[in-house]
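Please find one structure pasted underneath; my questions will follow.
Going in written order, the chains are labelled A, B, C and D, and every chain counts its residues from 1.
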């Protein structure tokens, strides 16, 4: 799984670019098999799932208009780098001048200063901005579509938010498939809608306290062939986690029962195998569809822990990076008290792109196009 | 962070090879700066920390004698690929013939079959064997040494095991440093020795029930410069997690407060910054020394969730991969009811190798040798 | 030197995208140190060197207007991916419909069909078009500038064309430096202007015969530090050649005296060393500044063999890829009877980008910005 | 085509290690499909082709005994890293003490000093030694075998040496195949045996003058499918050249008619296409089976220019790297007046490994094993 700073993937590789307040952000996907249909409507729908809405999101109005500038011909991938450009609009860059040298706690301001020596574009988080994930979502839409044509489905729901917990995914494959379908198109993806409403109420309460909330996202992937991944380094867990930790605010990733396995005994954690209709299945899925780093054909299930949005509207202790003084910062501007729900589609996108790469590495470039 | 199946790293890259019951296992570390002292005694000491001992471990007697076959001249790295070979001994391969086609639940037997089409070396787990981690530990010893010469220290303790919890790492740097030093050389690394004894007792109880236990490992790294890592894809979290998921039985990785952050509000999760003796520090370390994927100069803290050893001595439901029949498997042989304590030094090793790469990528090849 | 299809480089990596008749072509350069001045005028000047002019070039009028959409802030690199977009204009796509299925000899039409299964954008060569090198030149301009700030200069001249030979580069460094400076800004870069005129006359004669010509480009790089490159695989020769063979029509690459060394004896091919003003130099430079794959501090000199432009206006035997019939093709449209002179700046660009990567890998990311 | 210093390849990757006078040299091949037969006799035969023999070679007696320490089970690849170890014997390290600080002209002594700061193993060229190519040949034997099982054949002959020229490869495929077969097993591979004898006589004359000779190697690959390679960066030319320049003394690489194309007009250089028995073929092969960087199904033909062996027994001007003095060096010891004939099998090996990678990247891991 080769990785070059802003490029991820080997046979199918994604390159991200752009700053929040620059002319545009965008993404190049290289290595997609030729002949995959690219549906602009589906890209638009996926971008809608990520776009701010309601009281819980920043009031920045992003149109997320995008342009495909290469790699698509007659509505299908042509096998060459597919580039999607999303121009930036509605940027209020002057907002950022006043606090330019004040490192916002929980943000990357201070680490950007240390890495880029003050040359970074500080406006709106620059290249660190959550805005960049729009490009990932656009690219991910193409990957999600391609996987669906090959019978591979994935979807993420909000397992927990602000202390409220959603139902878990069903252990049984048919039931799980129905759950994934029910989540389709939801801008606040939960299995239990009552839990979803309690989450939103709790997030709204935090917002009114000028505070923010985090959560846990749970993802299931159905239909992956057994035999993907490598025993060392390019384990399916390692490769997916590598990509998922790029999503801003993700601070933990776990597979199957994850950290909870630490408290189980082996007799409870092992998944018994059996033949069922000519296919090997497991009776439980504590290992999340992965053994020894390699898929076993059962659903791949993982969770991402998302920290609360660092932008809050309370006084915070910090430093002025220019003068070296200790100061108190009070943020203004447009910010999200909660991003967990908007991050769900980003998780789907990042996972889909990563899985396309794992599949192409093992089965050849043309497999994704059904050849 | 380029990754090629059994190779990990870009400027400092590690290649693993070997099967549990083949002639030897080994590792190639490429890209280490020339002139780094290689102390064979320290490699030996680190291998001792990983070697089975006592009732909680397999009775396989591994001598872990190793030979450096390239890359070291006059006791120092010469800048070329450093290869360490560990011959295999005390292998009882006949033990594995009987159960050759029976997929052990929780193990990689079935996924290996799907990936390697039956050509894998099935004896003792082959290339999936925990034995391979001895090569990682040998390589890691060189990296840990090199980092120590540059003022970077790391150490892992057993935070939890079989339901028993150790103390957590101290938030304050001086206290943390003392804790890391106290852990040095321990074959059952805990901060609270009473907790350690309760862990061992609980594991022994599981062993007597022909069962096994898992746990959580917590690691702290002191002395890393700020500014390592990338905003997307090669985040420090992503790169470390990618490598850490290679360690057999690791099913979750989290940084700072990790999944617990999902329940905090932003006001509690943000780490306030302040100038202290001319240096920017944070008042708390909920983000584990990493913001926006990049180190901030505070201790990097992470945890690995380790599932219970899958080899248990109870009847288990599985399939015969040759005949396709459902069967009941009862394992015999030499196995560990617990590997968490032995995995601690593997975590240190994998993390140290990964950090060497991140440092060399940013600061140049020779930085590790103090040039 | 990691390489992912349309991405080249490891610490400094270039990603190319675009089709000749799509909305735009472009390039992402990732990993440039923050703080490097980006002069749009210099990019424009370099693009001018590549742009068609006079009778020897296609009559397609490319404006080569470009837009920097990311990675530059306040006129300097900010350390994040630098993206340059060049919109396509003046495309006469209808010209290509008639001959869509006729594989042009010497072109990539048939190989594209085999690789992309008919989904490629066939208009104007699509992603294979020489037009894509405009993006390489724009990116290369940034790299050439950055190298110049660090005292590294490179320049290419037409050593041979249509059977006419230019003077060779001077063996002595000061004289060579003067030659490189004299080449600056030339759209037909030769050391001997009389030879240049004979080349143009010979090319014009070919054009009047509805034919085309090729040539040899020779490049010198001054000021590279000794010690770059690797003994195996990432030799300076290997890495540069890998990149240079991307330039359309390049079919041979040689270093120092190259193939001519095959006829020398060792006593004539070895470059004697001596101390001169506290620095090790060689008395001759048959090895082109590289020994054992690693720079020795002398000028790096290499040559690219460029085949004649494959687009000629004579009847040619070929196949109809749709019907499988043997047919005779007579090309029409806008084509270059000669591209060697326009390729010189492409060679400079590709070499500069590659050298930036080799330097950053060895000396750290910030070296290029003088830190 | 990812490349990490001493590792080359992406899906099939080779890692080289070892110093000439260390305990052993070796190679790890990762990513070979499981189930490929590994014939130790064939590896032995290939090593014989590289081993010094007769008056034209060093008198160092290398036994080239090798041990496969991982990746093979029951005589077949198991899909995991295949490691071959070749212990060093007959090393006379004391020979090198006297001249330790004297940089041999044409060798890598000075560049190694600049890269490794004096920590390199200087004995017998260390990691730069031609001896390391034995490991490449052992690995290449496995690749050559695997390709042959898939109908892909390649072989190299000495096209020119010491001013004497062999016949060229036949343009017609059947005749070419017969030529490749005739070359099999030859330790001095030429098509015209009379020319071969003149070459050896000329080389012997050079030896008696205490001098050395170089040459040109020409390689043909038959049976490659059309559609391999990429339009930019990972062109088949670029990837092969990258690898081939690793072979010590190679200073030029060209494809098809190579540099000679520079003097042709387009009408002479283009290869006309035609249907023949349901398959597209070209009437000539000036482009060496590659158009636009991608294979067209015709034989891939390339040439490597090899400089004369730098070890000669005449007084040479050089510097003492410790004292900085100008000195005259007179070499003693065991050296080859000619290596071109021994390099032929190294070219075959490097090319075969590279082609396995290109095939696996495009067609999937299992293609090489016929799945």
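Here is the rule we use: a contact is a pair of C-beta atoms (placed from the backbone, for glycine too) under 8 Å apart; a residue touches a chain by one contact, two chains touch by 3 or more.
What you see is a predicted model, and the numbers here were worked out from it, not measured in a lab.
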Problem - Partner chains that subunit B and subunit C have in common - result: A, D
Fill in the blank from the handout: Greatest centre-to-centre gap (Cα means) from subunit A is with chain D
Exercise for the section: Mind checking the centre-to-centre distance between subunit A and subunit B? Centres are C-alpha means, answer in whole Å. Expected result: 26
Fill in the blank from the handout: Here the gap between subunit A and subunit C, centre to centre from mean Cα coordinates and rounded to Å, is 38
Handout entry: subunit B, residues touching no fewer than two other chains
Key = 2, 4-7, 10, 16, 80, 115, 127, 231
Fill in the blank from the handout: subunit B residues touching subunit C in their complex are 2, 10-11, 80, 231, 361-365, 367
Handout entry: Touching residues (chain side subunit B, partner subunit A) in the complex
Key = 1-8, 10, 16, 103, 105-108, 110-112, 114-115, 127-128, 132, 160-163, 206, 209, 211-216, 225-235, 237-239, 241-246, 248, 250-275, 278, 280, 282-283, 286-288, 290-297, 303, 305-312, 314, 316-319, 321, 324-326
Fill in the blank from the handout: The answer for subunit B against subunit D in the complex is residues 2, 4-7, 9-10, 13, 15-19, 22-26, 28, 30-31, 34-35, 67-71, 73-74, 76-83, 85, 115-121, 126-127, 366, 369, 371
